[in-house]
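First the structure, which I've put down as structure tokens, then a few questions once you've had a look.
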Amino acid sequence: MNPDIQALHDRFALQDLLTAYCYAVDRLEDVEGLVSLFTPDADYDLSAIGLLRTKGHEGIRAFFTRVFADMAHHAHYSANFTVQRLDGDAASTRAYVTGMGIARDGNCVTVHVDYYLDCVRTAQGWKIARFYEEPLLPMPGSLGEIHGREENHAA
Amino acid sequence: MNPDIQALHDRFALQDLLTAYCYAVDRLEDVEGLVSLFTPDADYDLSAIGLLRTKGHEGIRAFFTRVFADMAHHAHYSANFTVQRLDGDAASTRAYVTGMGIARDGNCVTVHVDYYLDCVRTAQGWKIARFYEEPLLPMPGSLGEIHGREENHAA
Amino acid sequence: MNPDIQALHDRFALQDLLTAYCYAVDRLEDVEGLVSLFTPDADYDLSAIGLLRTKGHEGIRAFFTRVFADMAHHAHYSANFTVQRLDGDAASTRAYVTGMGIARDGNCVTVHVDYYLDCVRTAQGWKIARFYEEPLLPMPGSLGEIHGREENHAA
């Protein structure tokens, strides 16, 4: 494919990868579909918002198994998506996300965060190799109440 | 046009169709402009959020004529747009929408919903053949208070 | 470049320009980076939301120097981006933005606005020549409390 056209297709594929992550996180039932968006050794880092950092499919699977069990509703809206670097089979993207959740116990949470994803092209398409997010606005206390619990389970 | 380039143009055109829908719904005055985004026999289905399902331009026109009369402000923000299927002159898209409204009587509503649009390419560009939305988060009671009224008018 | 491909690259570049504006406004520290997104004689017009209208880099720099000093947090999410006109080296774009802010004094503001940008292609890429925004939903009183202050400084 013409490289000028390839770059456009890559941009859409990278945005679709972020969207697939949002869809999977919000579906609350297909952990394997969610895990498959990451490389086997992916770095999944929520430490900047006060939650866990884990590496690889097993850790991501364990975290979201608990999250899906605890949450009744999820909605993650992305905005301001950009490709900050596209270099052959590696790319870095950034986007803002508003994440909303209602736990089964009724507790609610809304976060406004800045996602940084490092992605790699594989035989199965683009995958997330590093997932990192930072607060855009101060995190609400309910974030730790809801998801800190999952990490206590994990400990 | 090269099919690789055509697919990219189609994707933008499909996203623009959703955006045109949001713009028209929020403008609150050009019902014909809104109706023209749909095929003549379009299926407009809000049943999954507790509102009407209607078919064709006449039903859509009647619904939005009442909505525009009742609402003072509308704002529909889309996110997470994807083309889930693009097959020649037919396409299926998905997006999240946050819909906010303030009725003339002061009642307010915010919904977080998942839009599924089936679209067809016509001589006048892409049109919506089926419009379906589902809740992402629980619907507020004010949705039925505001828009249930329009359906009572219709009954 | 093939003009069909060029139009696609331009669209992404124009959306990236809006996103760069949001990122810069939210970073709260790099006034020069923000100013560089505008043409030297840009018209920056917030009059429709009850704030200032100014022309050129100096006025924009002065406004944001005060805004960045007063704000503790900013988050501007864009949605519904469209290119309404693309004519060689000139373009008009539209998007919805949700702007959230927390002032250093604790006052909070959220606005839902409609951005209209006229852009021109320069040797340094696309720049904003005219920036205009309108309310989508009624503006909160805290907008003037927070940013009216900056204009009083300026007067």
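By letter and in written order, the chains are A, B and C; residue numbering begins at 1 in each of them.
To be clear about the criterion, a contact is a pair of C-beta atoms (placed from the backbone, for glycine too) under 8 Å apart; a residue touches a chain by one contact, two chains touch by 3 or more.
All figures in this text were calculated on a predicted structure; none of them were measured in a lab.
Trainee: Does the chain-touch network form a line, ring, star, complete graph or other?
Mentor: complete
Trainee: Tell me the rotation angle, 0 to 180 degrees, that brings the C-alpha atoms of subunit B onto subunit C, to the nearest 5.
Mentor: 120
Trainee: Are the interface residues of subunit A and subunit B largely the same numbers on each copy, more than half shared, or largely different?
Mentor: Mostly different residues.
Trainee: Could you please state the distance in Å, as a whole number, between where the Cα atoms of subunit A are centred and where those of subunit B are centred?
Mentor: 28
Trainee: Would you give the residues of subunit A that are in contact with at least 2 other chains, written as numbers and ranges?
Mentor: Residues 2, 5, 8, 77, 79 of subunit A each touch two or more of the other chains.
Trainee: Can you check the complex and tell me which residues of subunit A touch subunit C?
Mentor: 2, 4-5, 8, 11, 77, 79-82, 94, 96, 98, 112, 136-138
Trainee: Show which residues of subunit C lie in contact with subunit A when the two form their complex.
Mentor: Touching subunit A: residues 1-2, 5, 8-9, 12, 16, 19-20, 22-23, 26, 73-79, 100, 102 of subunit C.
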